[in-house]
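Each structure below appears as structure tokens.
In the two complexes below, chain A is the common chain; its partner is chain B in one and chain C in the other.
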Partner chain A sequence: MAAYLIAPTIVLLAIVIGYPIVTAIIQSFQKDPGLDAATGQFVSGGFAAVSNYAHWLLQQCMNASGNTIACPPGNLGSGFWNATGVTFFFTVVTVALETVIGTWFAIIMNRTFRGRALVRAAILVPWAIPTAVTAKLWYFIFSVAGIANALFQSHILWTSDTWASRFAIIIADTWKTTPFMALLILAGLQLIPEEVYEAARVDGASTWRTFVTITLPLIKPALMVAILFRILDALRMYDLPAILTGGGGGSGNATTTLSILVVKQIRAGYNSASALSTITFLIIFIVAFIFVRVLGTNVVRTQEAQQKGTKA
Partner chain B sequence: MKAARLSVIAGMAIAGLVFAGCSSGSGSTGSSTGLTSRGPITYVQGKDNSNVVRPLIDKWNAAHPNEKVTFKEQSDKADQQHDDLVQNFQAKNKNYDVVDVDVVWTAEFAAKGWLQPLEGQMAIKTTDLLPATVASATYGGKLYAAPQTSDGGILYYRSDLVKTPPTTWAEMMSDCSIAKTAGIDCFAGQYAKYEGLTVNVAEAINTAGGTIVGKDGKTPTLNTPEAKKGLQQLVDAYKNGNIPSAAITYQEEQGRQAFEAGKLLFLRNWPYVYSLAKTDGSSTVKDTIGLAPLPGNGGGSGDSSLGGHNAAISVYSQHKATAHDFVQFLESSETQKFFATQGSLAPVVASVYTDPTLVSKLPYLPVLLESIKSAVPRPVSPFYPAVTTAVQDNAYAAIKGDVTVDKALTDMAAAISAASSGN
Partner chain C sequence: MSSTTAGSSTTVATLIPSRTAVRAKVRVRRKGSAQRVRTGISAIVIVVWCLLPFYWMIITAFRDVGFTYDTAFWPTHITLDNFTTAFSTALGNHLGQALLNSLFIGVCVTAIALLIGTFAAYALARLDFRFKGVVLGLILGASMFPGVALITPLFQLFTNIGWFGTYQALILPSISFVLPLTVYTLTSFFREMPWDLEEAARIDGCTQGQAFRKVILPLAAPAVFTTAILAFISSWNEYLISSQLSSDATQPVTVAIASFAGSQPHQEPYTAVMAAGTIVTVPLVILVLIFQRRIVAGLTAGGVKG
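Up next, the complex of A and B:
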């Protein structure tokens, strides 16, 4: 009986999740079509074994005479580790910034004061704007003759300098997703009973002490969930850099994330792109797994402790 | 519990395999079927911004009630148009009869076997067409598409500051002293890292007498003094400030804005800039905009990269005779004139450029004809996406001064051969 009841779900999962993943994996072991020298037409590339993976992970390319060489600059394969580094850099910096600023916003939104509704709405606006629009917005702000340069009286090439372009992405991403962090943390804050703070005040605890020993531990479960979501989101960041800098900056790939690399590769060769997307999928999966393993058990424990605490 | 989970995974895997099996079925290509068949067809093109296609199709439909053309409009983004075409070709869609293909996709689609070769009874007359446009539609010696609209680069200059426009790159560089005296920047094209950079680098290399890719569409031909000279010109100009440092972020629009604001002496851009610079309220160069062919290197004007689109017949079309007629209809002088007047699209038929009524309406036509006459298609390669990445990445690094011109060209060549060897 149970099997029949869950069957539709399983079929649906098999179609929408299982099929694409399995197809991608199968394709990733196929060579991309090559040209038939005689006809000039594309012919199927045949079985590739792990060469597509070696191409990305070990930077192996074939030259015209069929020898394996290190991928030259200008080949997408040579950009893999750079893209991985950029993706992780963005993830670490943006999530760290968003956590700190988000917590701060959440605490502000949690206070009772006149105009609180207005502040809450104002903080949430960036999150409500579609990323593509956000990216275009910041594209105008950061253009050479844009507001950013006019404001600072500077001539920074925001979309082409290595670090300026990276910070442009970080600023735009932080601006956009901090509200999401703040919202999740606010939900955690509102669960903290007022009495705990009153007790702390009676005991003469300082504001900082109250924050570190009461607020922080009690919002930790919400915080962890928020951080996990953001990390997974940031690791597959595509739209913002794609529109804001086109993955460019520095020597041309300073803001190319893994997802941008996948999309570029799709146009050049589908099977190789399948291998890259499988690698990207594994990277994100491993990060999520480590996060849940190392910090997640902690989340579960705090949550259980909290429940026990409220029940008692 | 564990067994249940295993069976779920197994079920998913099996379902996946079954589906994957379905997708790899194959059929015959069909380049010899439906050649004489007539009937309703579909024309596929990107967003029809200036309402050119619908009136044309209405006109066709009125004359051919039994062979009506339906217009399938795609998005206005080139990447999305490309991906839409690829997906429909992969699905062997019978309803994509005539498709509008960007010049740089033509070789790729031809090599994939998706385009009907225009030979035998499908042949079209190409003698009236500009040779560069025909070259852009030719792959492996066969014509795979009919040139439909074209585009070429033009050198805009400030006629109040420069009396006679430079005909060579060296002249233009020496004219930069005029810009210095006037306190403005000298020259800009499109040097941001995107397709426009490939256009500009290809122009520099072609003008210097070099090429990027050989006739086979896959062998790099960059190890020549000419190719080096071409790229070196751009690199030097950027280094000594004749090309302003901000130009490394310029696409078409940023360059146009700088020119209209009076901050640039010379600008390499497409014909669309002319009417905007003449009419924009914010334009300060309304009466001082001059037009010239791109500067060469001695011996004629520069070799512009070719823009534009070709009309191709899908091999999966069921009514190829009708499709063939429709393509010829698009090539007719009358249609070509309509493209020019209604859509400001550059014609592919040479005689249209000298039509007096048209020239009075679009004064840039004679210059544009010069430009397209000597234009060279961007590398005609079935690996175009990889080729353009190789050009963009390495040329960008060279122009910024991160790598030497020699290294950039060596890497560019290596990346192009890697692309054609299955990476």
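Up next, the complex of A and C:
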């Protein structure tokens, strides 16, 4: 019975995810078609062994005479480690900021005060706006003559300077995604019974001490799940940098994430792009695996516990 | 420990209010009002931070293009020209078509995901079977799958079979992230439903069909509806896959807005883009605010970003 009910979902997911991933892995071991260096003839590829992976990981390119050389600057291959660094930098900074600010949002929303409904409604607004629109909105705010520079009387090149463009993306992402983080943390906060806080208050614990010794340990499972989701989401970041800075800034790739690099590569050669997208997928998978193993986050169980809690 | 001190002092305090007890009471009251003020200020900061950029988009949308960089915080130089520009096909802005495309793609994706996902969610929430944890983990993993890993092979496949730029080429990949979200959110909702009522209805003489129609369906409808909204929003907001696989005729609004042309040559069409952004966003925001409570429940249940 259960098998019949679940089969359509699994089959459909196998078609839309399983098929592409298997194809991508097979293709990643094929050469991209191009001109054969020795004969000058057009060749349609062939088995490439791991050369596509070496191209990205070890920055190996073919020169005109068919020898393996280090990729020259400007070649997409030489941008791999830069893109990896940028992706992880964005992930660490945005997730850290969103966790701290999101926790603060959640704590405020968990208190009873007049206007709480307004706060809860307001934080849904950034979440509901499509990332593409968010990117355009901040592109305008961060334009040279835009409101950000006008407000701070500055002349920062928010979309072309190396670090300014990175921070522009971090600010925009934090604005857009903190509400989502706050809602997940709030769900965890609401499970803490009021009596626990009352007991702390009677014992004369300070606000900070209450937070560190009671709130934090009790919301840890919810917090860990929220952080895990955010990390996996940030590692595949594409829309915001693609639209806000075009992956540019600085010498031209200050905000190029791995996803942007894959998209740039698609039109330059499927098979090499497949290798890069497989690498990206593996990086995300490994990060998730480490996170779950090291921190012992059980996503499914935490969520189940949360639902039982809200039901009670 | 201090609670026992407080207890003993109150017994004394019934006769003579001890100085420490009075001081402690004052401190609590002061702390209470100080915290109220801090909460209030925090709340205002949060609301302003969340709404100000959105507000800025809307007032810019109504601002004359010649005053794009006006820094007044209230609406000035009000005009509707930006909306005309946004819909101007003469300038190459196919916003009208793009809105229809997004709507069509969103409805198809949502319908397919709900139709198929409801069965899976029912099984995951109600039935016990082997590999249940594996299936749940698989579906959760699928929702975290990076979109770029899909577009490379799909780009090639769709080009080869002549689907490039068609609606089905945009609908199918979207299912890869909408279906897991649907199943996961619905499963959470279904777990919370009072299924005992179904049995009660049967005992009271309903047939299985009647029990389903009269008891389960009305109970499940809000859950399914909320999930539908979340599914639709996540499809409506999708950009990466559409930006690579759509053509001018089928591109959704997110792609259209990212490549916008303005009424003034050699000038970034900020005001027109803000107008388009307003059109795309405001219906969504209204929808979200109306169903706020349920959407928050769905979001935290699914735990998946829309």
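Methods note: the second predicted complex is superposed on the first by the 275 of 312 C-alpha atoms of A that agree within 3 Å, B and C clash if a C-alpha of one lies under 4 Å from a C-alpha of the other, contacts with A are read in each partner's own complex, and residues count from 1 in each chain.
Criterion: a residue touches a chain if its C-beta (ideal position, glycine included) is under 8 Å from a C-beta of that chain, and two chains touch if they have at least 3 such contacts.
Nothing here was measured: the structure is a model prediction, and the numbers come from that model.
For the composite obtained by superposing both complexes on chain A, the positions of chain B and chain C are in clash.
When the shared chain is aligned, no partner comes close enough to touch A:100: not chain B, not chain C. Contacts of A:246 after superposition on the shared chain: chain B is touched, whereas chain C is not.
Residue contacts after overlaying the shared chain place A:157 against chain B, while chain C stays out of touching range. Applying the stated contact rule after C-alpha superposition, one finds that A:143 touches each of chain B and chain C. A simple residue count on chain A separates chain B from chain C, and the partner touching more is C. In the superposition on chain A, contact of A:77 is made with chain B only, not with chain C. When both complexes are overlaid on chain A, the residue A:277 reaches chain C alone and has no touch with chain B.
In the superposed model, A:17 makes contact with both chain B and chain C.
Contacts of A:191 after superposition on the shared chain: neither chain B nor chain C is touched.
In the superposition on chain A, A:202 makes contact with chain C only, while chain B stays out of contact range.
On chain A, the patch touched by chain B and the patch touched by chain C overlap at residues 10, 13, 15, 17, 19, 21, 23, 143, 145.
Contact residues on chain A toward chain B in their complex (touch as defined above): 10-11, 13-15, 17-19, 21-23, 26, 31-35, 39-42, 45, 55, 61-64, 66, 69, 71-78, 143-145, 155, 157, 159-160, 246, 248, 251-253, 264, 267-269, 272. Listed in rising order, the residues of chain B touching chain A in the complex are 8, 11-13, 15-17, 19-20, 23, 79, 82-83, 111-113, 139-140, 192-194, 216-219, 245-246, 248-249, 254, 257, 382-383, 385-386, 389-394, 396-397, 400, 402-403, 410-412, 414-423. Residues 1-3, 6, 28, 35-36, 39-40, 42-43, 46-47, 49-51, 53-54, 56-57, 60, 69, 71, 116-117, 119-120, 122-124, 127, 129, 132-133, 135-140, 142, 144-157, 172-173, 175-176, 179-180, 183, 188, 191-192, 233, 236-237, 239-240, 243-244, 253-255, 257-258, 260, 268, 270, 273-274, 277, 280-281, 284-285, 287-289, 292, 295-297, 299-301, 303-306 of chain C are the ones touching chain A in the complex.
Of all residues in chain A, only 1-6, 8-10, 12-13, 15-17, 19-21, 23-24, 27, 104-105, 108, 111, 113, 115-116, 118-133, 135-138, 140-141, 143, 145-147, 150-151, 175, 177, 179-180, 183-184, 186-187, 199, 201-204, 207, 225-226, 229-230, 232-233, 235-236, 238-239, 242-243, 258-259, 262-263, 266, 270, 273-274, 277-278, 280-281, 284, 288, 299-300, 303-304, 306-307, 310-311 touch chain C in the complex they form.
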